[in-house]
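Next come two complexes built around chain A: one with chain B, the other with chain C.
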Partner chain A sequence: MTMTQQDAAAEAVPASADGEGHLAEHDATVREAHRRAIGDVMLEVDNITLRFGGVKAITDVSFNIREHEIFAIIGPNGAGKTSMLNVINGFYHPQDGTITYKGNVRQRMRPYEVAMGGIARTFQNVALFRGMSTLDNMMAGRLTKMHGAAERAFDKSLADIPVVNFLTYPFFWTADFLMDAFYWGPYQKEEERHRRRVEEIIEFLEIVDIRRTPVGRLPYGLQKRVELGRALAMDPQLLLLDEPMAGMNVEEKEDMSRFIIDVNEEFGTTMALIEHDMGVVMDISDRVVVLNYGRKLGEGTPDVVQKNQDVIDAYLGVSHDRPG
Partner chain B sequence: MTAEASTAGEAGARSPLSGLTGKWWFWAAVIVAVFAIVGLDVWGLDEDAENHKAILSFLGDGLVGFLKAVTEPVALFWLKLGFAIETSMTGLLVGVLYSLVALGFVLIYKASGMFNYSQGVMVLFAALTFVGLTEYGIPVILALVMAVGVMILFAIVVEFLILRHLVNQEQIILFMATIGLAFFLEGFGDTIWGSNVKKIPLDLPSGAMDWLTIGDWNVQVQWLDISAAATGAVMVVALAVFFNKTRIGRALRAVADDHQAALSVGINLRTIWIIVWSVAGIVALFAGIVWGAPSGVQFSLSLIALKALPVLLIGGFESIPGAIVAGLIVGFGEKIAEVSWGDSLGGGIENWFAFMLAMVFLVIRPQGLFGEKIIERV
Partner chain C sequence: MFYREAGQFSTTYSQDQGIWSIKQDKWATFAIIGFAFFIIPLFASPYLLTVLLQLLVGCMAALALNILTGYCGQISLGTAGFMGVGAFAGYKFATGMRVLGGDGGAVTAATELVPMIPAVENIFVAILLAGAVTAAFGILFGLPSLRIKGFYLAVATLAAQFFFQWSFIRFEWLYDYASSSTIQAPRLSLMDGWVLPFKVPWFTWDLQFFWGTVDFTMKVSGPGYADKLHQYLIGLIFVVLFGFIAKNLMRGRIGRSFMAIRDMDIAAELIGIRPLRTKLLAFGISSFMAGIAGAMTLFLYLEALEGAEAFFILDSFLFLFMVIIGGLGSIMGTYLGAAFITLLPIFMVNFLPWAGGLVGMSINTATVEHIQLMVFGGLIIFFLIVEPLGLARLWQISKEKLRQWPFPY
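Let's look at the complex of A and B:
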């Protein structure tokens, strides 16, 4: 986003003395806007149970995430929120239950297969490629999208012929690899195309000035933002955010909330996020599911969840005094 | 949060000298002191002075005598400039080959956190396969391609039988697995190709090149050394391009940095491991050929892995530039050491000098020249 756009955004939403208030105000309209756009069920989690030895991390939890919505998973520590994301993401494999993604019941999948299917994520403790620059981190997010010309030719011609495909693939692969290494011809175009997309995202997240910096040297708040950028570079259909605002100060939290809303509005990305700051959750999410000790306590719009007595007892009532 | 990170101490990398070694004035003082001592004594001597007194003078004269005994031969050595240049060149050329062997270790260590004990045996096995194939009458070029194919096949088998079952295991378990692999590969190569010494069937250039003349000294460089070093240099450059410029290189670096994050952006770890082991196998093949050229391919070839160890300690296990620079340092250093102190210490310095140097590095800079800084939170 350029400075002028930023200024325009600032004018559109008059800043009030109370930061949270203005966020909520801005948000009400945003929520209205994309609630209309919310579509069919994208991901359905059905009676998932996950055990580690004798410990049940998740017991019989079901919910669904709809297209274009911002969906929040909340609950006290140890409620099984991150485990839930890990199940969706393919890091964990549940003992019971099914996950239906875009209409298909998902078989046991490895994380990279899930990622290639359009599900990106960020981590609770920032998991960036620390030795690499911001730009390289984000380009790494596009690895699965990049295909060489030879590989494309292979997909069109020989890929479906058994035995032959197996025997000839190495040659296509090598051809691509050489074009890549010499930065030649079709490969150059491919690289430039992806680079352009990454630059768009870098500008969108306002991290232009750190694009050559090794991410290990960046302050924590920026690292979180780069991690979001890397996930966005995958052009995901579903974006899983594990505590995107953990450990941030108020200002950084506001920035992050704004980015999450903007991403949702501009790219239409469906998001599932875990967050502890109730103010933020209630402000930005369309629907909320509450977990406690691995079980589902409640589900619904923020207003409904806030009034649910079980939820208040387990979580909201003790940890937060925000007027409902 | 950031403040916390910056105040976290560097508890891991402490050593008694580490306070001083970071100060430029400490090193300036050391250099000035050494030159002062050398200057006082040595420059006055003529070239025919006997160096054999070195050890005796150490016993007799204490520290000053010791420093003199250590520095005097080095100074005398550099006075014979032509000879010095020739020795240095030979050292550097050998150093390129050390780098090549060390690179095989670095590649696998970076991508899978595994210290691959079997790298030395891989060098032997790859070279044996190449030579063995040519003994069946297969043309050299074809045999080379086939040997590359065998190393890729080997990578696939290793991934299928070992790596995928040991994901997320302790480093020591991975290390033990590679020890087993080394023993297996050694026996396997022996069974298939036999244990006799095999000659590399390449017409590598022999003899020496007259390079330049300094004073009355004719500086010569062996053609074999030059061609081996050239091969090594090409490999090293190719690997650097591969790692830093290509899509797969980017994926490799990503995996080296963070497994989980790499998975989450859609990188298939198993494919990456196969690629890395294949590349390490190909590096081993070239290392085996250039090392085997002078004296034939035989079991002792697998022991060059031992020479790679100090190179790794000096350069850092995770750094490709580190492996290259450290290889050159070791090659250069051990030749100079041999020529300078060989006489007074009874010769054979080349065999242990690299390890001494590595020990010094362990004390002063445990993470190696280019290794990642060890920072621990306390």
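Let's look at the complex of A and C:
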């Protein structure tokens, strides 16, 4: 959060701050002021079709995700939600259609290239590095950002010169490797810099006390939180959350929802999430897209989607009043 | 009671990420290193030094394997093969790639291709170059790891092991066309002609203080020429140095990327780790160290060896045992495991006949060997069942207990 936004927030609520009994209202107003305006289209999914052999997982789905918004993908099991995230991640390559990310039509990409572009991801069934501590898991999330001092010098000076870069890169790489090997000055500073950022996230997620615990020993709810932390450590522009609240109790769900909203507000991260808890989805998301059997059923704000008859028939259902 | 971290605070993140979590560990480490460098030379017999050299080679090889298998999760059964590459590469560098006047004597075009390379006379350079060559081979044989994992990769590295064993006999240039297909470490010395005009006890290993001169010449290699003590010191330098390097690499970004690949390669790729690069780096680092272990075997430990026999498939398995018993993914465990596997047979060879004598039984060497194998088998099963994380985990548990001692909680 930058100073200007804080100031803006303070200015937005000059009167209610000193009034008694309006704390909740005050909070809501501050939130509204903190909230970054939903901006331009960040990721555009255009007519994506994904087949596995004869099975069509996704058929002609299009939607877009805008900057700073919380975007939900919902639908019954097998609707192609996770496949959609996998396509965005570069894990699956669609047979048809294009993905435009930050204004550039994306070519066929490997997952790590997508990750370097600023798209992070959490998984439906926790995919943490079980042998490592919480801290190491989150430091692993910083790996794309950790460049050696020599590599940074290379990027500044020689990376753009065609043949020279090819010839000189090995020397810079070796220099970095040796600094790593002896944990020498510049590398130590680099490590410290990233540790500081990770510690911020650890504090933000309130997992300070489990910093050194191997994640395999943590309870499920905390593992989910650490996984969110690892994704946040990547400083992503777009964060894909695959069922962040699956298998949690109400309290844990509330915690997680709060973290999601806070992340969105404080870091301005754009979010795309898959979730089955309709209460949560309708509460926290700005827009929702509904998939069914790989096709798009509807799209819009939660209110609009809730009233869409196709969506009600296929997924939401209607509440039946108890007879008598 | 003395093993407490009370009053020790990390004030910076660098301190917090240090090698030793508590100061007593640090002192203990330096004490052990100091003992190995300065005290052991005072009393060690050539036999003990030979044993220790074997231990140092084992430490180095196990370290190499632990980085690849324990940290990066790529199972390798080719450690001995890569060590062989290191040994032959070291030999070729130290003899300047030329065919010496062995009993084969056939000079072919292949040897004429590289007549201009001067023989490497510094043992450090020779061993490091051997490591570099082995690293190149390791990266080459690591290429299949992108596509195959687990047992299948183990079989691929087994193929590498067999290929190397075969080539150590088949390519006669490697052993200078000698009919016995053995190589002998060339004579190498360090600090030749460096003389001090007075004596210092620790440099001369005797107690005639200050009287006479000190000859610094270290006879580090060559059968019948080398001094076991000097060889031991050189080996110790390598093991300590590379233990330090391995620890640093594994606690930093490279180690984290290795462990990420090991624990969940799909998630690792989605947070931006390049799988092929990372795996090849692991193969590179690991075989670099394996190559050094092989060159140490040639120059420091065996001095004359036959490639296919000295770097046999069984040695590969032995290194795997070291790593499993010591603890996968632990530098400390590597050393514990290597010490355990190396010293246990030697202990039994000396101990069993004596113990047999006590009860009026004569135990011959063949029986000792059989008992050794039985004990090994039993121990490996024991460790796999009771403590799959190995001696390192036991050590960690005992440290945690020690911190609270004498109170149970």
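In this text, the second predicted complex is superposed on the first by the 281 of 324 C-alpha atoms of A that agree within 3 Å, B and C clash if a C-alpha of one lies under 4 Å from a C-alpha of the other, contacts with A are read in each partner's own complex, and residues count from 1 in each chain.
Going forward, a contact is a pair of C-beta atoms (placed from the backbone, for glycine too) under 8 Å apart; a residue touches a chain by one contact, two chains touch by 3 or more.
These numbers were taken from a predicted model, which means no experiment stands behind them.
Trainee: For the combined arrangement obtained by superposing on chain A, do chain B and chain C clash, or do they fit?
Mentor: After superposition on chain A, which the two structures share, chain B runs into chain C.
Trainee: Please work out whether A:Ile38 is in contact with chain B alone, chain C alone, both, or neither, and reply first, second, both or neither.
Mentor: A:Ile38 contacts neither chain B nor chain C.
Trainee: Contact-wise, after the overlay, does A:Gly247 reach chain B, chain C, both or neither (first, second, both, neither)?
Mentor: The answer is first: A:Gly247 touches chain B but not chain C.
Trainee: Could you look at A:Tyr220 and tell me whether it touches chain B, chain C, both or neither (first, second, both, neither)?
Mentor: Only chain B is touched by A:Tyr220; chain C is not.
Trainee: So, A:Met234: does it touch chain B (first), chain C (second), both, or neither?
Mentor: The answer is both, since A:Met234 touches chain B and chain C.
Trainee: Quick check on the superposed pair: does A:Glu192 touch chain B, chain C, both, or neither? Answer first, second, both or neither.
Mentor: A:Glu192: touches chain C, not chain B.
Trainee: Quick check for you: in the superposed arrangement, does A:Gly141 touch first (chain B), second (chain C), both or neither?
Mentor: A:Gly141: touches chain B and chain C.
Trainee: Quick check on the superposed pair: does A:Asp180 touch chain B, chain C, both, or neither? Answer first, second, both or neither.
Mentor: The answer is both, since A:Asp180 touches chain B and chain C.
Trainee: Does chain B (first) or chain C (second) touch A:Ala127, or do both, or does neither?
Mentor: Touch partners of A:Ala127: chain B and chain C.
Trainee: Once both complexes are aligned on A, which of 9-17, 135-143 or 189-197 in chain C overlaps with chain B?
Mentor: Clashing stretch of chain C against chain B: 135-143.
Trainee: Of the residues on chain A, which ones does chain B touch that chain C also touches?
Mentor: Common interface on chain A, chain B vs chain C: 89, 91, 110-112, 115-116, 120-121, 123, 127-132, 136, 139-141, 143-144, 146, 177, 180-181, 183, 191, 230-231, 234.
Trainee: Along chain A, where are the residues that touch chain C in the complex?
Mentor: Its residues touching chain C are 89, 91, 110-112, 114-116, 120-121, 123, 127-132, 136, 139-141, 143-144, 146, 177, 180-183, 187-188, 191-192, 195-196, 199, 230-231, 234.
Trainee: What residues on chain C touch chain A, complex-wise?
Mentor: 12-14, 16-17, 245, 248-249, 251-254, 256-257, 259-260, 262-264, 266-275, 329
Trainee: What part of chain A is in contact with chain B in the complex they form?
Mentor: Interface residues on chain A, with respect to chain B: 89, 91, 110-112, 115-116, 120-121, 123, 127-132, 136, 139-141, 143-144, 146, 177, 180-181, 183, 191, 219-221, 230-231, 234, 247.
Trainee: Can you check the complex and tell me which residues of chain B touch chain A?
Mentor: Chain B residues touching chain A: 1-2, 5, 241-242, 245-248, 250-251, 253-254, 256-258, 260-269, 372.
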